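First chain A sits with chain B, and in the next complex the same chain sits with chain C.
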Partner chain A sequence: MKLPIILWITLIILGLAVNGQDQESSIVIWPKPTEETALALSDFQPKSGNIDPSVNEYLQTINEILWEDLEYSTFFKMVSKSFYPANRITEPTDVVFPEWQQTDLRIDYLVIGNARLENNYLVVQCRVFDLKTKEQILGKQFRTIPRYARAIAHRISDKIVSLLSANASQGIASTQIVFEKKTKTGKEIHLMDYDGGNLQQLTSNGTINLTPVWLRDNARICFTSYQNQSPLLYYLTLETAEMQSFPIRGGLLTTPSVSPDGAELAFAARLSDSSDTDIYISTLDGRNLRNITQHPGIDVSPCWSPTGHQLCFVSDRGGTPQIYISDSFGAGLVRITLERGYASSPDWSPDGRYIVFSWRPSRMATFDLYLVEVATKELRQLTQSAGNNENPSWSPDGRHLVFQSDRTGTTEIFTIFADGSNVRQLTRLDGCSNPGWSNYGTAE
Partner chain B sequence: MRKIILLLLFTLPGSILLQGGTKEELIRLQSDIVAAQNQIRLLQKSIDENGAITKTLLHQLLDLLNQNNRQIDQIRSYQDEQLQSGNENIEDIVNEIRMLSAKVDELGLKLTTLARTVEDTKQSLEEMQSRRPTPEKAPDGSLMPLPPDQLYSLAYNDYIMGNYELSIQGFLDYLALYKDTEFADNAQYYIGDSYFNQGRYPDAVEAFAQVTSLFPNGDKAPAAVLKSGLAYLNMSNNDSAIELFRQVIRTYPDSPEANIAKQQLQILGVE
Partner chain C sequence: MNRNVFRLGVFMVLVLAVLFGMFGCKKRTPTLPPPPPPTTELETPAPTIQLRANPEIVNYGESSTLSWASTDATEVVLKNIGKFTPEGSTVVTPTESTTYTAIAYGPGGMTRSQVRVTVVQKTETITPTTVPPVDEQALSDEEIFRTQIKDVFFDFDKYNLTPEADTTLRQNAEILRTKIPDVRIIIEGHCDERGTSEYNLALGDKRANSVRDFLVAQGIAASRIRTISYGEERPFDPGHNEEAWAKNRRGHFVLMK
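So, the complex of A and B:
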């Protein structure tokens, strides 16, 4: 058998990457893989014996959301349902393999499932088949109250992505996004699923609440609030809605960022009237405070590198706001954006290779999202000709970004693939900004 | 098919490693492969483009043929009319024939262009194929090293991504080849910092010492002295740490690192 030359080359490069590095590096988003995994999702059916007809309503939600999640994950080519064999599949015995294995369909994996209502609980079963071997490679049952049908779909999607992406992603369908939303009295922190569903208001103190970020355990968020007059940092535990103030005080504390090991907080602060705004690092409870930008000029928006040994931040020490990196002591400063203009809100990619930020090049009127490769300082523009696009935040698998844009006339939250394609609007609420993408969900 | 791919995936790199040897050659090979990939992409693009041109020309050709057929039909019916009415206008017919022959000429020209395009495609295909598998060789037969900026970027990328074994080797390779370039002091500093981030503090101190001895006026010198101090601090050798922090303040008073050193002295309770 003769392999196409492009496949050979891909194999050799893959081989080099595997052999040449002790620590495995993450998958890069582009160039895109030449061969996509083709996935078929046969609509989940009511399980035989189910007598409550309302299960159909939940099944519709699960079938819709699961399809969207899998399609949006970037890992699969979803084979259109109109090509599937006609019979309904409730149990594995309903799968007629020769029909699904027809070569013109070219399906690699088949997802089937069923659901029933049992004592007011929704019980969903899901199975995945490898159509080449006819083997079942995933079998899982979920049991929850029917209100969480969406969440079940997200969890099924994450299981499938985690299984079929060769560890490139644990699945982001169960992740969530926090953001600021304008209100009559100021701004309150809100929460939604990664696809814009399940909107919840988290704060309601009637003042201004800004720049929310997630702690590593996803159980708490950290943000700036004016609830006690001056802008200080607070933690909010999501489950209990309990607020806890960060012990360090000053004229202004903002733009927090949690270290990869979850133990330290970097933030911008003006701790006395005589000082300028600098980047500080301390433990989560405010101990071991150190200033890493002891230099005249305003320094804001710190973000940790995935190794925790470097930070990137915005500084106007060179005249206009630009992106710099230094180590976590403040030594070894390097300027990353080489051109003039106004750079802001950097976020370091989960694999460490890129920093995404919003930038208004000189002579331009609007901000757009840009990626810079840290090692080469090469730029790649992600958005263009669509209003202002700002405050990007990476998904935990490094394949998507969430950001704010005023392209529709009001400021809303959008997501985009990390190669600049597939823009998706998440909110239609007027005045949503500063989104922060959560970490991977806690594994079962 | 899947099994063969998997087999290749695991056996190929091993054999390359056995044949190859140094990391530099691997990097070289990797970059050759990337270059080959690019050439293939270019070739693909060129074939696609030429394919598109050929298609367009064929369409134009067909259109012209159809047009001619229509015109010939028109002339025939016109001739019939003329003959029938007995008012033959030979001059008109001659004109039509002239126009037709001009169209035929045009067709011929297009056909020639088409042939040339096909020939070009063939040629560029052959060129690409002949260029692909031969990496550049130095006169003595060894592989040419990567240019300085590429070697530096590769090592720096490994440093940023936390692949410290690779970044140390990469920067050592860089210094072996390009020790007189502008970024040589940076390379030496990042070797030290890679050791530092791995917690190999004695190695870090040694590498940082070379920054100040080999490149005393380089812009990484203040950071190298500071990080040596921090390395000693992590080895619980506070005396050496304090001495080095004071050295930063004394030698590089205007550097940002001098302020960091002052802060460290404050934390240690000494001024």
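So, the complex of A and C:
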């Protein structure tokens, strides 16, 4: 198993350290920022003195991915490269400011950089200039093994987003997605970057592996596996590929959800003394088990509210699968979907305002993604006329959703903006399902 | 780190155990240790059973009386015949030579006893026949299971039993009780692809347990049944139409090996 990117990338602050990165403003810009900052990204160049020509291949990756990341963030208006001054920029001294400051270009900030290969390490330098003041407002050097070139681009994008976005939002370019992928023998858990790149297979036990979610530190995932016959919960440490059994066992344990403080696990289970599935909560190591639901039907797919005081889950207690909310001890039960059709797989938005879920209003309809505003129960449809859309999961910034859809004929993973715009297909692998978006990367 | 601490702990425990053993040996006196306590009264003994046939050889068309006596049994099942009291007899009229099996069930387990009644066909001379080997016996259980135990089907998004499923399960229970009373089974719960996969895991589980609960109510020992949900992960028919979906909403019976 590969070491996680975070461990490999060492960051050395070169120039001006950027202050004002405090995360005080956690207001989610939803659905889309209103004012756009104009950004120019001059292609990163090989640093003078670099003698290994393969650096060009990594530079191409970085230039492509960084552009895509910044554009996809929607915080910036990316000024087309065709308008840029002709000369290549490797070092700050190469920037001819009057050319970049031409008023008809209307560029606010300029991103430049270079890369070299040094003792089998890829070293990338990146700088951002405020074109009004000609000041360098970001200067960073990244050093890693070359195959993490993509990860460097994602990290640079996140730095620029947190520096220049209107509310100093945290970028999500370094986040990752786990999901189920169909194999000949069942389903195995896979991992990819938030943009679908860097695909990796995490399990290979030849059985069925389902419902993966991230632990808060992003170092482990939790999921259901049939590897010991019964469907039970397991943890997988990404760094070591080590599997660990969740100590509570029964006839079925599935749909884990990690509490916001990272200390507790909510899950659906049929324990050995029961004949139906209920919602339970315990610590990550299975202590202090408590039962949240007692009704004699199906209760499944719990998800914590961001405060950790409430849970939403699916129950058929009213006759059809619908979404309910209760407090974290099972009290104060409220149904928040209409008692109609089939509502499933809820996920609570990071700002607490919405619950996204998959709903089929009638038997003949398809599943689509809907948001329900928790306070008002107001519904908003996000997908339509595009096959079945299921198992949504929020990005940590609450601006995006990842989900599965069979709109192309095979079941694949897609992302969509939280306002229903900008659908992006991440996989073309046939049989990808149940994506789980990671938390923010580890802060420096 | 933790592993090292754990290893050290295990090592310390082993060292202590060795030291304690040596210490204990030195202290031991030459007197005989007390006899072990009579454990037979504390344990539940396995039942015993003796099945007899009188006569063991009959002419075609004649009857033989099977009689049995058992100890520590609550119930005796004569395979392919029925359920009886721990001690009793019944008359059989086999049309061909037959091996009868009696199984005594009790709190301590189960025990079999067999007897063979040889039928002399009119033109046949008596030939010594052998008791069928155990393999053949097991195969026959498998054969009965394969040909007579039927799966049950569910309505969309439902886990309650349909009238058809009810009838099928009564027949299954009868076969499990009388014909193959010593097999253990797995009931798999399956769903069609139209629900969501997470909910279907729970739904499949509920279906399997509906079947299990019904069989238990019909007198099948819960210890003979294991359930597992496959949700929509293992469809019987990969199609995407009503016909396929109907096949995939099932409680599937599997013989536990």
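Convention: the second predicted complex is superposed on the first by the 399 of 444 C-alpha atoms of A that agree within 3 Å, B and C clash if a C-alpha of one lies under 4 Å from a C-alpha of the other, contacts with A are read in each partner's own complex, and residues count from 1 in each chain.
The rule is short, and it goes like this: contacts are C-beta pairs under 8 Å (C-beta built on N, C-alpha and C of every residue); 3 or more make two chains touch, one makes a residue touch a chain.
The structure displayed is predicted, hence computed values, not measured ones.
In the superposition on chain A, A:Asn291 makes contact with chain B only, while chain C stays out of contact range. Looking at the shared chain after the overlay, A:Arg424 reaches neither chain B nor chain C. Legend: residue contacts after superposition of the two complexes on their common chain; A:Thr307 is shown touching chain B, with no touch to chain C.
Once chain A of one complex is fitted onto chain A of the other, the partner contacts of A:Lys187 are limited to chain C, with no touch recorded for chain B.
Of the two partner chains placed by the overlay, only chain B lies in contact with A:Val374; chain C stays clear of it. By the touch criterion defined above, A:Arg353 reaches chain B but does not reach chain C.
With both structures placed on the common chain, the touch criterion links A:Thr255 to chain C but leaves chain B unconnected. Of the two partner chains placed by the overlay, neither chain B nor chain C lies in contact with A:Lys77. In the superposition on the C-alpha atoms of chain A, no part of chain A is touched by chain B in one complex and by chain C in the other.
For chain A in complex with chain B, the residues that touch the partner chain are 1, 3, 5-7, 9, 11-16, 18-23, 25, 132, 290-295, 305-307, 309-310, 327, 329-333, 351-353, 373-376. By the touch rule above, chain B contacts chain A in their complex via residues 1-2, 4-5, 8-10, 12-14, 16-17, 23, 26, 29-30, 33-34, 36-37, 40, 153-154, 156-157, 160-163, 165-166, 189, 193, 197, 220, 222-223, 226-227, 230, 256-257, 259-260, 263, 267. Contacts from chain C toward chain A in the complex involve residues 156-157, 159, 195-199, 201-203, 205-206, 209, 212-213, 227-231, 233-234. Residues of chain A that touch chain C in their complex: 186-187, 208, 210-211, 224, 229-231, 251-252, 254-255, 268, 270, 275-277, 297-301, 314, 320-321, 342, 344-345, 358, 363, 367, 390-391, 433-434.
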